[in-house]
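Shared between the two complexes below is chain A, which has chain B as its partner in the first and chain C in the second.
Moving on, here comes the complex of A and B:
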């Protein structure tokens, strides 16, 4: 499982991204050594973007932000 | 009045300050989940004992770091954890909420209130695992911690900063001694922490009620992980309690912490280790079960004056099976602690309560912490009791005994009776001194057998009512000088004479029955 996914950035979005965003994502992934990008749609993250590269997750989803706010209040 | 605008402003500020940037976190995926254990692939940078966050809100503790996966235990029930779920590292270890606000409360091992009231106010958090004070940070144990129990304070004295094990079979009064000691700290400026590990919720409820009724909750915090809590919570409970104790100790306070009990703690750790597939050793305990308890009990200490002079006195409890103190966990904890109070069911059933076996119980450091007056009198007590026990064995053969032997025997029985003490009836230091003086004098021969308990209560009552100045005159920190000793004995004699004369009439002592020791 791991070897097949090596070099693939898994991107989760709430809705379909436009070409400009996709280019930015690809550049972001490329920088971190990931030539391939795989997209998943998941409305439950509400908005924003979640990118997983290897063992690292870049979480910019609205759901996580709201969760952070909820915990700090 | 609550100012709604102020609250609104507060919330807005908090939202503005909340960290909402894109966070970069290490993550892994669950590849196995069962029995509260999860295995996670990924998470290569995770540290030992790190707190993990499972997608969906659960939390786990990373305990096995292996080449291609991480073994972790779930801190909450494993429901809702699915194969493939994401797990994030948090970069921090488990922390306990600490603060004065936790006194009088019942909290779980993370410091959250579970007594049905609102959340306890915490001053901060402390890591649950924390290094023990270094050698140079420690001072000598020289201040007594009075348990209020005559048998213990006279012969097995406990000092502040000491670790004294309470060991015995089930139903021998181990918890009773610990609870009595907590109750006796009222007005002593000692903070008490009672850690309940893997106990029945019903017994805990009873203990809580006792502590509340005795007014002990004002200075006590109960940390509990009952038998139905997740095993990892039972595992961290004593460390959490200790973290709370350390908070007070480093502020210069004296703390008493009771771990009730460490055998269940070891069992919880064994369950966890076996499920994590760690190699098992003797009695199926993992190899580090000694370290499990030694690192916990090493954190009890008396700090040097430079560090504020605070202390943690630990009273761990260990339950034995059929009096077997050579089992694995009992021997481990005996060797770690600075002495043990050994309770026996035979003594308990024959009416000797507290059922302390004086021969097997020791206190390795407490002697220097004993009050001077008690130390002077009780030195002889141990010897006399040992002599009596030796003779008592021969007495069973029932041969003719000379007068001297008979006297030693009858004194021994009476001394044993003097050490009997009902639960929740703690003696003050002065009362102890009076009882010890009487039991070590010739006066004891005049008390009729089987009436010692009642007579002792009577003497104390008589002194409190008629000679309060005499009691006041006793200085616990100096040996009792001869003139005072004579006065006390004279007062006791006056009482005994009055009782013994009535004695010609029917015996009126109410404690006579319970003090009838059938077999000693």
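Moving on, here comes the complex of A and C:
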């Protein structure tokens, strides 16, 4: 990861989150050593959230869940 | 006439040579000739003929003996031939019986093998069909899943509510937090 992005959590959402949700996201990132959060809107994830902190990816997107369901079938 | 006859008989008895008009020297000579002829014939004709007849008889006996021996030999050969023929017939019957048994055994083997092969082929075909059926079933299930997911994607793409999305995000954050605390 580049040094400028170090300490930054990259958050991908399908639609804009309200302030309360953004605060919870920021708190989640801060607990993991990332005081900064950079948001990206990507409707293709359909819903939910994807957070990348360093090499760790937290994937709670609807698309991934559907994919998991499809694979399990 | 009786007297003539009696007279002649008396003369014949008294002097037979004279009565018959013969001289005794001539009679003796004839007798001598007869003896000489008889002896000559005996040695020159009777003996060789007798010898020849004996030899012929001997030859005939020998031929008969040979013939009998030959007949006996022929009889033995005939018996032997009949025995050989009988043995050959028995042997042929045994060979034929064995051949029939062997043929039946081989036929049974062939039928058995064919039956086993048929069973194996049926089992193999059933297995293949089962595998194919399971494969098709999986493929159908996969396609159904794909279509279902696609439909769900299309539905969610348009219909997901901001409140639902918010709840989803919060649930995710809560779940990740709780996982890491463990």
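Here is the rule we use: the second predicted complex is superposed on the first by the 72 of 73 C-alpha atoms of A that agree within 3 Å, B and C clash if a C-alpha of one lies under 4 Å from a C-alpha of the other, contacts with A are read in each partner's own complex, and residues count from 1 in each chain.
Operating definition for what follows: contacts are C-beta pairs under 8 Å (C-beta built on N, C-alpha and C of every residue); 3 or more make two chains touch, one makes a residue touch a chain.
Not measured: the values here are computed from a predicted model.
Of the two partner chains, chain C is the only one touched by A:63; chain B is not.
Within the superposed three-chain model, A:29 lies out of touch with both chain B and chain C [touch as defined at top].
By the touch criterion defined above, A:9 lies against neither chain B nor chain C after alignment on the C-alpha atoms of chain A. Contact with chain C, but none with chain B, is seen for A:21 once the two complexes are overlaid on the shared chain. In the superposed model, A:47 makes contact with chain C only, not with chain B.
Residue by residue along chain A, chain B and chain C are tallied for touches, and C comes out ahead. Touching of chain A by both chain B and chain C, each in its own complex, is seen for residues 58, 60, 69, 73. Of all the residues in chain A, the ones that touch chain C in their complex are 13-15, 17-18, 20-21, 24-25, 28, 31, 43, 46-49, 58, 60, 62-63, 66-67, 69-70, 73. Those residues of chain B that touch chain A in the shared complex are 11, 14-15, 17-20, 22-28, 41-45, 86, 88.
Across the complex, chain A is touched by residues 141-142, 144-146, 148-149, 152-153, 156-157, 160, 162, 164-166, 168-173, 175-177 of chain C.
Considering their complex, residues 2, 52, 54-60, 64-65, 68-69, 72-73 of chain A touch chain B.
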